[in-house]
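Structure first, commentary second.
All chains are identified by letter, namely A, B, C, D, E and F, in their written order; residue positions are counted from 1 within each chain.
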Amino acid sequence: MSPLKPQDSQAVPRFCGIRTFMRLPHTTDLKGVDAALVGVPFDTGSTFRVGARFGPAAIRDASILLRPYNPSLDVDLSQLCSICDYGDLDVVPGFTEDSYSLIAAGLGKVLDAGAVPVLLGGDHSVTLPELRALHRIHGKVALLHLDAHSDTWDQYFGHPYTHGTPFRRAVEEGLVNPFGSVQAGLRGPLYGKNDLQEARDLGYTLVTCREMQEKGIPWTVQVIREKIGTQKVFCSFDLDVVDPAYAPGTSVPEPGGLSSGEALELIRGFGGLNFVGFDVVECLPPYDPTGITSLLAAHVAYEFLSLTAVGRGESF
Amino acid sequence: MSPLKPQDSQAVPRFCGIRTFMRLPHTTDLKGVDAALVGVPFDTGSTFRVGARFGPAAIRDASILLRPYNPSLDVDLSQLCSICDYGDLDVVPGFTEDSYSLIAAGLGKVLDAGAVPVLLGGDHSVTLPELRALHRIHGKVALLHLDAHSDTWDQYFGHPYTHGTPFRRAVEEGLVNPFGSVQAGLRGPLYGKNDLQEARDLGYTLVTCREMQEKGIPWTVQVIREKIGTQKVFCSFDLDVVDPAYAPGTSVPEPGGLSSGEALELIRGFGGLNFVGFDVVECLPPYDPTGITSLLAAHVAYEFLSLTAVGRGESF
Amino acid sequence: MSPLKPQDSQAVPRFCGIRTFMRLPHTTDLKGVDAALVGVPFDTGSTFRVGARFGPAAIRDASILLRPYNPSLDVDLSQLCSICDYGDLDVVPGFTEDSYSLIAAGLGKVLDAGAVPVLLGGDHSVTLPELRALHRIHGKVALLHLDAHSDTWDQYFGHPYTHGTPFRRAVEEGLVNPFGSVQAGLRGPLYGKNDLQEARDLGYTLVTCREMQEKGIPWTVQVIREKIGTQKVFCSFDLDVVDPAYAPGTSVPEPGGLSSGEALELIRGFGGLNFVGFDVVECLPPYDPTGITSLLAAHVAYEFLSLTAVGRGESF
Amino acid sequence: MSPLKPQDSQAVPRFCGIRTFMRLPHTTDLKGVDAALVGVPFDTGSTFRVGARFGPAAIRDASILLRPYNPSLDVDLSQLCSICDYGDLDVVPGFTEDSYSLIAAGLGKVLDAGAVPVLLGGDHSVTLPELRALHRIHGKVALLHLDAHSDTWDQYFGHPYTHGTPFRRAVEEGLVNPFGSVQAGLRGPLYGKNDLQEARDLGYTLVTCREMQEKGIPWTVQVIREKIGTQKVFCSFDLDVVDPAYAPGTSVPEPGGLSSGEALELIRGFGGLNFVGFDVVECLPPYDPTGITSLLAAHVAYEFLSLTAVGRGESF
Amino acid sequence: MSPLKPQDSQAVPRFCGIRTFMRLPHTTDLKGVDAALVGVPFDTGSTFRVGARFGPAAIRDASILLRPYNPSLDVDLSQLCSICDYGDLDVVPGFTEDSYSLIAAGLGKVLDAGAVPVLLGGDHSVTLPELRALHRIHGKVALLHLDAHSDTWDQYFGHPYTHGTPFRRAVEEGLVNPFGSVQAGLRGPLYGKNDLQEARDLGYTLVTCREMQEKGIPWTVQVIREKIGTQKVFCSFDLDVVDPAYAPGTSVPEPGGLSSGEALELIRGFGGLNFVGFDVVECLPPYDPTGITSLLAAHVAYEFLSLTAVGRGESF
Amino acid sequence: MSPLKPQDSQAVPRFCGIRTFMRLPHTTDLKGVDAALVGVPFDTGSTFRVGARFGPAAIRDASILLRPYNPSLDVDLSQLCSICDYGDLDVVPGFTEDSYSLIAAGLGKVLDAGAVPVLLGGDHSVTLPELRALHRIHGKVALLHLDAHSDTWDQYFGHPYTHGTPFRRAVEEGLVNPFGSVQAGLRGPLYGKNDLQEARDLGYTLVTCREMQEKGIPWTVQVIREKIGTQKVFCSFDLDVVDPAYAPGTSVPEPGGLSSGEALELIRGFGGLNFVGFDVVECLPPYDPTGITSLLAAHVAYEFLSLTAVGRGESF
């Protein structure tokens, strides 16, 4: 089978056609596919703003602007990869645990086919079933978590599964290796003085947004690369790690965050890590009248795709 | 205790002060209170757009424009009633059955105190626990249901409790008397030919939007009044009964609906019915950039308040 | 001097050029001018939403869509009139009485030149100084007032000059003949049972929105024409007379109003009345994201222009 | 091949999956297909607002709310038809004549396959190449044109192909039979007194919006049905035929139009006419922040689909 | 009396309940209260965009996201303070001097009760009556003024009290000690070459935005701390000190400003100064469709609250 | 003739009057005029988002905030220059080559009169006819091009004239001296690995956004000044050179760009260069709900105006 590639925007206008990510072929047949875009339109886990169920569609809409050659990573997606848009995983709005089962099962099929998934959320609660699916294939993985929030609170309203709790659950369930994992970008008011310490107690290494801004992105990249090393790693990008000026359409925005340029520079620093998957979450189109949040999400997903291709010497 | 009244907007500007409904006193002490505004900020039951959890706050914001004398019903709320804003019932976002318990219990306190509740949703799934609370006090009630949709589907995604199913459940649970109840305003595409017949089979009398537009609002009022008679009745107003031009900020909008004027004329026709409660649901502020949906919701709630005062001959 | 005409939109695209009303010449030299568009960008009189200071600019922006032939009134503005955009009257934001002096003086120059003014508000407080200027030239005039509100309240916060009081002041100052004047479109909650009676006590004839909707626009036209007769008349159009669905961008919106079609039909019924001026007020662009409010305001002003030309038999 | 049907929204949430019209299968293989949705994302023909190139994508987004059974026409699309989303025709933004060739050729393939096209514009200039394609198969067809504007002007800025001229060109090119065609919904200011007469001189029967509002939709349906008779007919629906309150996101909005309910009632009156195709044009998402314009466009397309199924007695 | 604390958002969802700042108790009984949020919904002083009268309500809406522990200042508001939402001061829209009297009197009550006020504007004209109230209690205070504009112009349109003049008036009235005061963040076009020199001539120390960006926030903090020293100091934060990308919803935006992170870092540098009050002004919700301006305002107020608690060693 | 100056905003409120740039006189008589604002409302060249035809009007609207003294360049526009708003050049929407002729001819008149043009686009395709007009007067000029994109692609959809191709065409037509020209700000995904190399092969010096961010604005200024030297130079500013957070309303936004402060600092570094003209392009109001894009465009044009005055020692 010939590799799957995005449509050529200099031949057919970008705004033409059914909206798949980058106007890639939409298929659930992953034979020979290197990486697959996978939507996870679930937002029942949100404790505040909702609407991330419309995130995958908005990110696809924005992605039609992307071009195949990534100069920052020197990767040409149309030459080095076979990539596709797998569509969305099935979910049950209003029912978290049912959805978790569907998400884990659905992602399992992608992983079984050997494709690296780039998942488009959805609120951050979806990362837990994603990690469950990854664990079945890869065992414990390292977590590279970019977010304003640690999301290691124990519960909300007495319930364990929300968008504020997945990374505590992931440790408890043995899905990730917290001692080889990093949470970066943390900032903003907390419920109590111990909130971040509790994340550290779980084993995570934390880099606050303040540290990133004082010491710079190259320093942050270095800290993260050293901690991750050669482990299999999953990268989870919560859009609220950037400032609300750059991503107003998120569920729990916190002023004082990264710029989009800093976020992209950070991701581009991870070439060569051993990624087994990625997600970009908390894109809420109803709160994004200018579309810059979904545009940034599309670029983050594009960098993730590019990272899967870094180091492939041969073009098709 | 002196009756609770809204603040005078010719003395203190409308935009001043903490946002309660009509700038009424906020209290949970209902002694001597005739009617209470009660928010139900729950939207996990929605199968499509979400955001009704922010509905009560938006309706309160819009309500500051309301003045106390209702010329259509010749009722002066500042003279005839003691009314208050009770605040919001507690809910658990993401967990429908837990929230149902909290809503039924919370509303029970209002009913036990003898106040007529005017509830501000929330998606339409909240009406079921409201009816449960009413049933404990009042037994089976009649339902006056204004909506583009019958909401008597059996399930969504295999689950019984959503915003598309409450009025089937209410019959099954014996909460309402369908044979003395009316659903009015129905329109739009359906899942199948039998959808409306199934609602009729449950016992409901249906008036489609088309019939209302052809035969007029006075005819519709007459049909409803005859069916309801002297029963205790609960009125549930889904904002999508009006056209999206008049209420863009709803969960499942359907073109071709009533105008706001027709909807208000309809409600004003119900003076003298034996109301035990009201709700206005499916106000989604994130989809309402001009605020006209929450403004209309505030006016609907205001007419409901006025209906509780119709026929009171004495002012305080 | 040759008559002043709008630019031809089939020759030069509508979106080209400096934004004057209908792309008319902008001049303060009114020699030979039949009618002049005059902005009154003042909104300090508003008791609720503000922003009408940007109304004239938004109405000009919307007006570039207008074409010169009005089929409803069979009037070709490019053939029958010399019309211009006079620009804006000077005002002092934050200072009502100073602005009143400037508005009256500024409008006086237009009137002295013999042009019929079509004024673009501004909040409704501007109509009082407009009537003062008219009174100096024309003596007492009849008022044709289309509005959801009577605006005959006595004061707000102890002050006499606001957008809620001009038509009481106008009677008190002897500027209008209330017994030959009509207020039409009234609706919505009031401060007290006597509010409308007080307007009637001042001498005004009132037609409520409900009456208009029940008896129809032709009936309303007839009532108004009979009352106005051959008097010199000023027409004041508050955009909130139409429903918020048709004009969301107003200061004090009231659901249940006229449609834009009904409003335009009403105005078109006034051909042959003896108009000495017009205003269209309460256009608030910050609350009008779709621009339909300023578009309607532009059409109202266009009908006003057309009314000044009705009955002119000769083209230039 | 089994018939193509929309996905079941009670099984898989409406917001899941790649956005095709009604979540129909996307295919360009039209064997056995009764009707095909076809996007025409072209807007270079617009003389005022632009952005209709994003119309097809927005209409698809809105269409996911549609359910398969149309109670007004008693048609179940999932039972009576094989329907699909064909995707978009190729166009060249900025180049009208090149695009005309591509549109005519692209639509020709759909027609050759025997599917009835429901086209999603695009500005109104696209109807001309559509009619060229239809003429090749069907010869002269009748036109059922619903629009605020006649679009029979001769030129704009000296050029013959714009969104204001297609229905003059169509007569000149012999594509339509104007004497068996109707233009309905006309209103608003014109360039000159003869504008509408020129349309009549071309042969078209005109029904103004004013006539429709005075005489009613059933009368209008009757006039149109009598004129069209048994001719092969193409229906072109410009969204500006409805009022800007119902469709703010159009290129050249005119206040005073139909309500969405009147427009849908009108279309539903055409059951049994001999339709060879349909388009719905002038949906401009950048001017449609509430999405009600694209929602209405989706419903119009849905009624068109339903009309293709009226009278089919057998389900699959 | 037990200390007043915000509601726990892990127990009751943030979106539940009447909207007070941080869901703090709303009370005007300030006994034992350390700091009070106080709204000042006045915008008649604005010379350009208006709408700040809705600022306090929008800031309260946004503040429900705040959590009690401030990691940057190591302060737990739920442990160290008794804080409340006092509601809004009364004002008279349209009448600046009347409002000044009401604001000074209203704030006087807060100050008399010994609470440190955190005031939510309102346009910047409100700071003058605030300083008058402070002066009565504290005598001349130092001013720490963060703003794109010096607001020391002499008049607008011949009037002395506007949002462009308070800090000249404050010197003239002897309310502040300009020689111990700093204005920081100044940038943008000016009326004349001497504008900034005039501010310096009044005694103020000026730090331009350019200097802050070149020399850094720590340098700026140092300059300010040295100038303020141990004086009683009032901090006034005009949201236009940050770039329009971070705060689009202000009255007179100027490109080229601080980021939200820089602004928050700056404020956090003031721990230990002897604050007697704070305000955050020029939040205009009608120009803030994404809500990031009011969100930032809420965070600024939160940092101000935190500064009042810095150094308190004991929790309750 | 006395010099043309902007209106005084401390005497007449900024929001009063017909909207010209900075409320300058609107005239096409350029005798004695130093610099002229010139609109170019053309957007048919765009390959993606459209709407820049409304850019000049939106930039004029935003420009009313500007004050005459520029402290960064120490230039008082009201003292040093005679400047005016020339209005818009004529264009033909939908027809690029016709429009090119009109633009070149229209600009030619401005150049013949000796005024330095500051052009307000329009999409970037308009720069080619601008350069043609300049070439007739000035011969080959240097290009100072600030943009996320090189716009040196060869064609789109087989056509040579689009907003993605002007700077290849300009070299081919001999309009610019690429060897003395700089393109700065380049970033984002590309069609292929050679895209930037092709721009270099044409002769251009390229500075990527990444280089600018790493080495700083002063370094960039230095590189550009050295390359431009004393050549006659035209500066073209595409608003997408800044990040979408600062300019959401552009045609082809790319995350990771400059801040507005960096962009303004860059422009201010060019004092003393030998400018023969400027444009600021790709301002799309329909995608700019907060107006910050057009506000930034107005400031860029203001800096351009200021640059024309740098070094003039004498005031009028």
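Heads up, the rule we're going with is that contacts are C-beta pairs under 8 Å (C-beta built on N, C-alpha and C of every residue); 3 or more make two chains touch, one makes a residue touch a chain.
Note that the structure is predicted; figures quoted are calculated from it, not measured.
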Note: chains that touch chain C and chain D both are B, F
Whole-Å distance, chain E centre to chain F centre, using C-alpha means?
38
Starting from the mean Cα coordinates of chain A and chain D, work out the distance between those two points in Å.
40
Residue list for chain C, restricted to those that touch at least two other chains
12-13, 15, 47, 53, 92-93, 157, 243, 245, 259, 287, 289-290
A full list of chain pairs that touch reads A-B, A-D, A-E, A-F, B-C, B-D, B-E, C-D, C-E, C-F, D-F, E-F
Which residues of chain A touch chain F in their complex?
8-15, 65-72, 74, 76, 243, 245-246, 259-261, 264-265, 289-292, 295-296, 299, 302
Residue numbers on chain F that touch chain C, as the complex places them
12-13, 15-20, 26, 39, 41, 53-54, 57, 60-61, 85, 87-93, 289
Per the touch rule, the chain E residues reaching chain F in their complex are 47-48, 153, 155-157, 188-193, 195-196, 209-210, 213, 243-245, 248-249, 252-253, 255-257, 259, 287-290
Complex contacts: residues of chain E adjacent to chain C:
43-47, 49-51, 53, 92-96, 98, 157-159, 162, 286-287, 289
